[in-house]
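Take a look at the structures listed below.
Consider the two complexes below, in which chain A is the common component and chain B and chain C are the respective partners.
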Partner chain A sequence: MFKRLAADRSSSITLRKRESPFHLRVWRAKWLYLALLVPVALLLIFEWLPAFSALYNSLYIWNGGKVHFYVGLEHYERMLSDRTFRVAIANLVGFVFFRVIMQTVLPFFAAEMIINLRSERWGYWWKIIFVFPMVVPTILNYLIWRFIYNPQVGLLNEGLELIGLGEYTHAWLGDPNTVMWALAFVRFPWLPTLQFLIILGGLQTIPQEVHESAAIDGAGFWRRLFYIDIPMTRRQITLAMILTMLFMTQRFDLFLVMTDGGPGYSSMVPALQLYQSAFHFLEFGYASAIGVVLFVAMLALTVINLRVSAGATSE
Partner chain B sequence: MFRRLLAVSLFALIFGAFAGLAQDEITIFATVGAYYPDEPTENNPNPPQMMNTLVAEYEAANPGVNIELVDVPSNISGDQWRSTVFNGQNEPHIIVNNYIRVWQEQGNDWYVPLNEYIDAANPYIPEGTPGHERWADSIPEVVWNTTYHTGSGNQYVVTVNAVAVGFYYNIDMLTEMGIDTEFDISYSLWEDWETMIAEMGAIAETGMKPLALSMSTAAPYTYNWFDGTSLTSMYIDHIESWWEPGASWHALNQREFACAIQNGLISANDDAFADWIQLLADFEPMWVEGYSTLTNDETYRLFVTEEVPFLLQNAASQTINVTRDADFNWGISYFPPVTETTSPHAANNESAYLVGGFTAGFTVTDRARREGIEEQVVDFLMFLTAQPQWGRVVTDSPRSIPTQFGLDVPDALKPTVAFLELPIRALKDPDPRLSRRYGEDHRRLMQEYFTDQIDLETLIAEEDRLMSREARVVIAENDWSCDFQME
Partner chain C sequence: MTMFNRKGLRLGNRDLPFQLVLIAFGIVTFFPLVLVVITSFKSNTQFYHNFWLPELPLHTGNYTSAFRIIWRYIVNSVLYSGSTICLIAIIASVAGYVFARFRFPFKTVLFLGFITLIMVPGVLTLAPRFVLVRDLGMVNTPFALISVWVSGGLVLSTWLMRSYFESLPQELFDAAYVDGAAEWQVFVYVSAPLARPMIATVAMTTLIGTWNDLIWPLVTITDKDKMPLAMGLMQFSSDFETDWGTLFAGYVISSIPLLCVFAVAMRQFISGLTSGSIKA
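== the complex of A and B ==
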C-alpha cells in the first residue's frame, strides 16, 4: 500500500516536473538567478577574462600599450631556449617539493597534537596559537626574515656567533649555494593556517568510536596514525598538498622582496620571471606565455594528484 | 505631466549651465617624484612643503587652474603603476620618469614631444638668466644630449636634477688604520685605481670588507655607477669613432652604442673587455658580504654604524643623512681614474669621470593632449622648473644637484657640486647604455661570475650573445642605419 502510494507520488512529481518547462522554472527562481548574476559577472570580468586573455596575448608581441602584433607560437619557442626559464623551473620544482612536504607534514602533526590533547581548553588555545600568524601581513614576515638573514647584523649570524659557531656565519641570501634553502626556510616552522585548519577539520570528523575501538585492540599512536588517521584524512591531505603546490607556484612576492631572483638567477622562479618580463621589460606577450605554461602545468599536476589520491582512497 | 516635463527641463538647463562653467576649470594632475610634500611625523615635524607653496602661487596667478599633486603609491613598482594608469587613460598630466623608461615606453605615444616647447621662451625665467629667451638654454646641453630619444629624435623629458655618486669615507676609522684621507678635487682620495685597490685590499686583509655597496636588482643599486665609468676608461681611444658625425664629447646614446656592437667596434671578445672584467673582479673582494641582496638603506646603516669605512652612495641626498647620522668625521670622494697601470687600454685615460648622471625628469603625458590642455600643462612645467621656483624647491629639500644655470645651490649640496666639474662618462649605466633587458641580464651575469656560478669563458660568451641580441633588437625596433660609423 505504502509502496503504491510512494510510486504514485513519485510519478506525480515526475509529471509535474515534465509539466513545468525550463523557462518557467528559471522565471520562478528569477531572484536567485539575478542575485547570482552579479558575482558571476564580476568573476567573469575580473578573473576569467584576464586569465583567458593571457592565452590570447601569449600569441602576440605586446608591450602593454599600443605595440601589439601576432607572432604565433614564437614566445613558446623562445621559452624552450630561455636559460632563465630553465633555471627558474628547476628552482621552482625543488622549492615546491620541499614546501609541499613540510607544509603538509607539520600541520598534520600540529593537528594530531591538538586532537590528542585531553584538555579541550588547551586544544582551543593551541588552535589560536597556530592560527594567529594568519593576521601578520605576509610582507612583514618577509622583512623580518630578511633581517634574520642579514649577513652583518642578522639574528641568524649573531646567534651562531653567540654559541661559538662564528665560522658558519654566512651571507645566506647572497650565496647561490644557500639562497634557495634560506628562502625555503622562510616562515619556519611552516604551519600555514589554511592547510592546518583543513587537516584539523578532517581529523575532527573521524568518529571517536573508531579511535576507542583501535585503543581497545591495542593500537598505539603510530599504528593509529598510519592505519586510521592518514587514510581517513587522505582527501584533506590531498587538498592541503594541492593548495600548497598552487600557492607556492604562484608565489613571487617572497622572491621579489628577499632576493629579486639573485644572485644571478639562482633564486629565479617562473612567477617572478613573468612579473619582470611584463613590468620591467614590457614583454606582456612573453609574460602571458609563461603564465599559460604555469597554468597548464598546475592543472596537470592537480589532476594527477587528485587521480592518485582517488585511486588510493578506492583501494 | 507638463509640470514634470518642466521640472526635468529646468534641471537639465541648470545642470548644463554648471557643466559649462565647470568646463572652464582646468585641473592638472602632476607627480613630482621625491619632492611630493610629506605629512609631518613625530621624527620629521616640519617636512619640506615647498611644492604646496608653489602650487598655491601658480593657482593664484592662474584663476581656473587647479593643480593636484599625485603621490605614486610606494607599494607597487613605478613600471606597474605607469602601465596601469596609462592603459586606464587615467595618467596624471605630468609624470616624473627616468629617461630610459621614457625611451622604452615612447612607442605607446604616452608622452608628448617637447621639442617645440623647449625651443620657446620661458616667461617664468627672469630676463638675463639663461632660458628666458629659450627654455632649453636654462639646462646644459649635455643633459639634453643624454636624455633625448635618438629613435624618434624627440625630447620627452625635462631633467632638472643630476646625481653625483660619491665614496663616503670615515676619516676616524681610516686615520686609525694609518690611511691618508686628504681629498682634493683635482684628484680623488686615490691617485689611480690601483692605489684604491691596494688601500682597500690592505683593509680587507684585516678581515674587514671595506666598501658598502649594493648590487641588488631589487633595490636602487650602486654597482651600475662604476660599471659604465670603468668601461669608458677601457675604450677611451675608440669612443670618438662611435659618435654620430659632428658630435663632441658626450655620453653615447643607444644608437651609437648599439651600432658600435653591430659594426664590431666593441665586443665581449675584445682584450679591452677582458681587462674590464678583470678590473671589476679585482674590486669585488672589497665589497661587503651579501652585496647582491643588500639594499641601499642597509649599506647606509653599515657605514653610519662604523661597520665599514667606505660607502658608495648618492652624493647629494645621502649627504644630508650622513650629516645627521654620523658621529664621526667623514669626507666624500669619487672614483679614481683608471690608468695604464691597470690596463694598456686605459693608457690615454687622463681623467676621472662624473659617476652618476641625470636623474628622472618631468614628462608631459598624452592626457594633456587628449584633454586639449597641453599648453597649460607645459606652462605649469615652465613655471615649476624655472630657476626662481626650482631654487626654492631644492633649498627646501636638497635631494639632488640641480642642473639649471644661474641657480644657487643650497649649502648642504655644496661639497658635491665640485663633482659636476668632472667630464661626463661616455658609457652610461648598463640600462640606458643599450636597453633595460641588457642592463638586467648583464648585472645578473656579473653576479653569477662574481659568485663563481660561471667561469670567465662562459661570461664572455653570454655577454657576447646578450650584447649582439639586444643591439639587434634596439636597431630593428628603431629602424636605425649604422652606416655612419663605417664612413
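== the complex of A and C ==
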C-alpha cells in the first residue's frame, strides 16, 4: 500500500519520498505520463501546432500549399491600408457596442421581472421558457431571421403591411444602409441564454432580507433597482458584457449565413474576412495575420473574463 | 425566517404587473417559432394566400419529404457529437484525475499546456488547422471533425474535471486504498462514478458546442451525405429555398433532438451551458 504514488495532498497513510532523485521520480510516474499521452498529443497537434503556425505564417505569403515565402510584416502593413479591413473593423466595433448593450439590458430586464415575482414556481418556469430557444440549432436562428427579413414574404415586411405601414417595407439585408442594423437585431426578442442565466443567477443570490429591509425603508421598484439590484450584480453584468464581446468578435457564422459580408463589403467583419481570405482567395498568410490581430485584441478580454467569471458564476 | 414571510407581506396580487410584462415577453419570444410551426403545415399556395393563420387542410406531407432529407444529417450529427462526447468524457476525466490527485515532474508545465489554450480563440487557428487536417488526409472524413472537436473540448473539460476531483475529500480515496484497491480501481469504481454530475456537465457543453458548430464542417466536409446537421441545414435551406412548407418542416424536425435532451436533462443542460462561459 505504501509503495503507491504519493497523492497530491498529504494524508495520513501516503508517504512521500521527497528526496528521491529526479530520474527516479520521472520513472515512477511513467503510468501517469502514459495516461496523459493521448490528450497531450492531441493538444500539441491540433491546438498548439496551428496556433504557432498562425503566428509564424502571418509573416509569409502562403497559399496553403507550395507557395510560401517570407514577407515580414507586410500583411500587417497591408491591413492598415486595406479598405475592406477598415470597413470590417468599423462594422465590428459598432456591432459589438450595440450587441453588448442589447444583450445586457434585455436579459437583465427579464431577470428583474422574474425575481420580482413572489411565486418561486413561476420564476422557475419563466426561466425555463426563456432558455427554451436554446434548443433551436444556432444556424436555424439565422435561417429564421433570414426569413423574417425576406423582402418578398418576410415576417417583418408582412407585419408592417398588416398594421398599415406598408410604405416602410424594405429589403433589409439587401440595402447597405440597413444591413448592419438588421444583423444587430437578429435573435432580437430571444434572450442570450448564457448572459440571461448569469444575470438571473446573480440577482437570485441577493438575500431576501436585503429586499425586505429595503421595502420596509420604503424603497420602491426603481430605487431598489438602482441602489440594490444593479450594484449587487455588478460582477455578473460585467461578465455578461465581456462574454458578448468575446462571442461577437470571433463568431462570424451569423454574417456568413445571413449576408456573406454583402452587399459589397457593407456587412464585413474581420473574422469573416479572415475566412474569405483563406478559403476563397487562398491567402493563408494574410488570414493568419488577421487571426493574430484578433487574438491580441481578445487576449485582454479573456484575461478579464477569467478573473470575473471565477467569482460570478457560482456552480 | 423573519416575521415578514412571503404570505405576510402579500397585498393584493403584487405579481400581476410583472406577470403581464413577462407574458408579453414570452409571446414575442415564441411568436416566430409558432409561425414556423404553422407554416410547416401549409402548401406554398396557402402560405402566399394566408401568411399568418393556420389553414386546413394540413399538409403533413411536408414533414415526410423534409424528413427524407434531414434524417441523414441528424444521424451524422448524433454519430459525430456522440463519439466526441464519449472520447472527451474518458480522456478528460483520466487527465483531470491525474492532474488533481498526483504530484509528478513536469506536472505544472503540462497543465499550463492545457489551460493556456483557453486564451487561444478558434478564429486564430482556423486557417492553419485546416491546412494541417488536409495534409493529414482527413478532409471529408468524420475524423476531421472528431479529432478537432475532441482536442478543442479537452481544454475546458480537463480543467472542469480536475477542479471536481480536487474537491473530493481525501478520506474517500484513503478508504479505498485501505481496502486494497489499486489506483486504476480507485479511479474506475470510486472517482469516476462520483464525478458523474461533472461528466454530465462536460457532455452537455460538448454537445451544444459540436451540435451548433457550422464553420469547421463547412471547411472540412464536402459530401452531402457526410454533413452534420448545422451544415446540412444550410444545404437544405438552399435546396428548398422557395418551398416554404417543406423548409419549415425541416426546421421543426431538426430542433427535436436538442429538445428531447433539454426535456430529459434540463439541469445538466443549463449547467453545461454556463460552464461554457469560461472558454467563450
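General observations
The criterion applied here is as follows: the second predicted complex is superposed on the first by the 248 of 315 C-alpha atoms of A that agree within 3 Å, B and C clash if a C-alpha of one lies under 4 Å from a C-alpha of the other, contacts with A are read in each partner's own complex, and residues count from 1 in each chain.
Here, a residue touches a chain if its C-beta (ideal position, glycine included) is under 8 Å from a C-beta of that chain, and two chains touch if they have at least 3 such contacts.
Everything numeric in this text was worked out from a predicted model, so none of it was measured.
Once chain A of one complex is fitted onto chain A of the other, the partner contacts of A:256 extend to both chain B and chain C. Of the two partner chains, chain C is the only one that A:42 touches; chain B does not reach it. By the touch criterion defined above, A:266 lies against chain B but remains apart from chain C after alignment on the C-alpha atoms of chain A. In the superposition on chain A, A:306 contacts chain C only, with no contact to chain B. Of the two partner chains placed by superposition, only chain C is touched by A:194; chain B is not. After overlaying the two complexes on the shared chain, residue contacts for A:281 are found with chain B alone; chain C is out of touch. By the touch criterion defined above, A:176 reaches chain B but does not reach chain C. Here chain B and chain C are compared by how many residues of chain A each touches, and C touches more. In the superposed model, A:138 makes contact with chain C only, not with chain B. Within the superposed three-chain model, A:246 lies in touch with chain C and out of touch with chain B [touch as defined at top].
Residues 64, 153, 256-257, 278-279 of chain A contact both chain B in one complex and chain C in the other.
Within the complex formed with chain C, the chain A residues making contact are 1, 4-9, 11-14, 16, 22, 25-26, 28-29, 31-33, 35-36, 38-40, 42-51, 53-54, 57, 64, 110, 113-114, 116-119, 122, 126, 128-140, 143-144, 147-148, 153, 155, 158, 162, 189-191, 193-194, 197-198, 201, 209, 212, 215-216, 239, 242-243, 246-247, 249-250, 252-253, 256-257, 271, 274-275, 277-279, 284, 287-288, 291-292, 294-295, 298-299, 302-303, 305-306, 309, 313, 315. Taken in their complex, chain A has these residues touching chain B: 63-67, 150-153, 171-176, 256-266, 276, 278-282. By the touch criterion given at the top, residues 77, 79-80, 83, 86-87, 104-105, 107-110, 216-218, 288-294, 298, 301-302, 307, 436-437, 440, 444-445, 447-448, 450-451, 453-454 of chain B touch chain A in their complex.
Contact residues on chain C toward chain A in their complex (touch as defined above): 2, 4, 6, 9-10, 14-15, 18-19, 21-22, 25-26, 28-29, 31-33, 35-36, 47-48, 51-52, 91-92, 94-95, 98, 100-106, 110, 113-114, 117-132, 134, 147-148, 150-152, 154-155, 158, 170, 173-174, 177-178, 180, 183, 208, 211-212, 214-215, 219, 229-230, 233-234, 237, 244, 251, 254-255, 258-259, 261-262, 266, 269-271, 273-278, 280.
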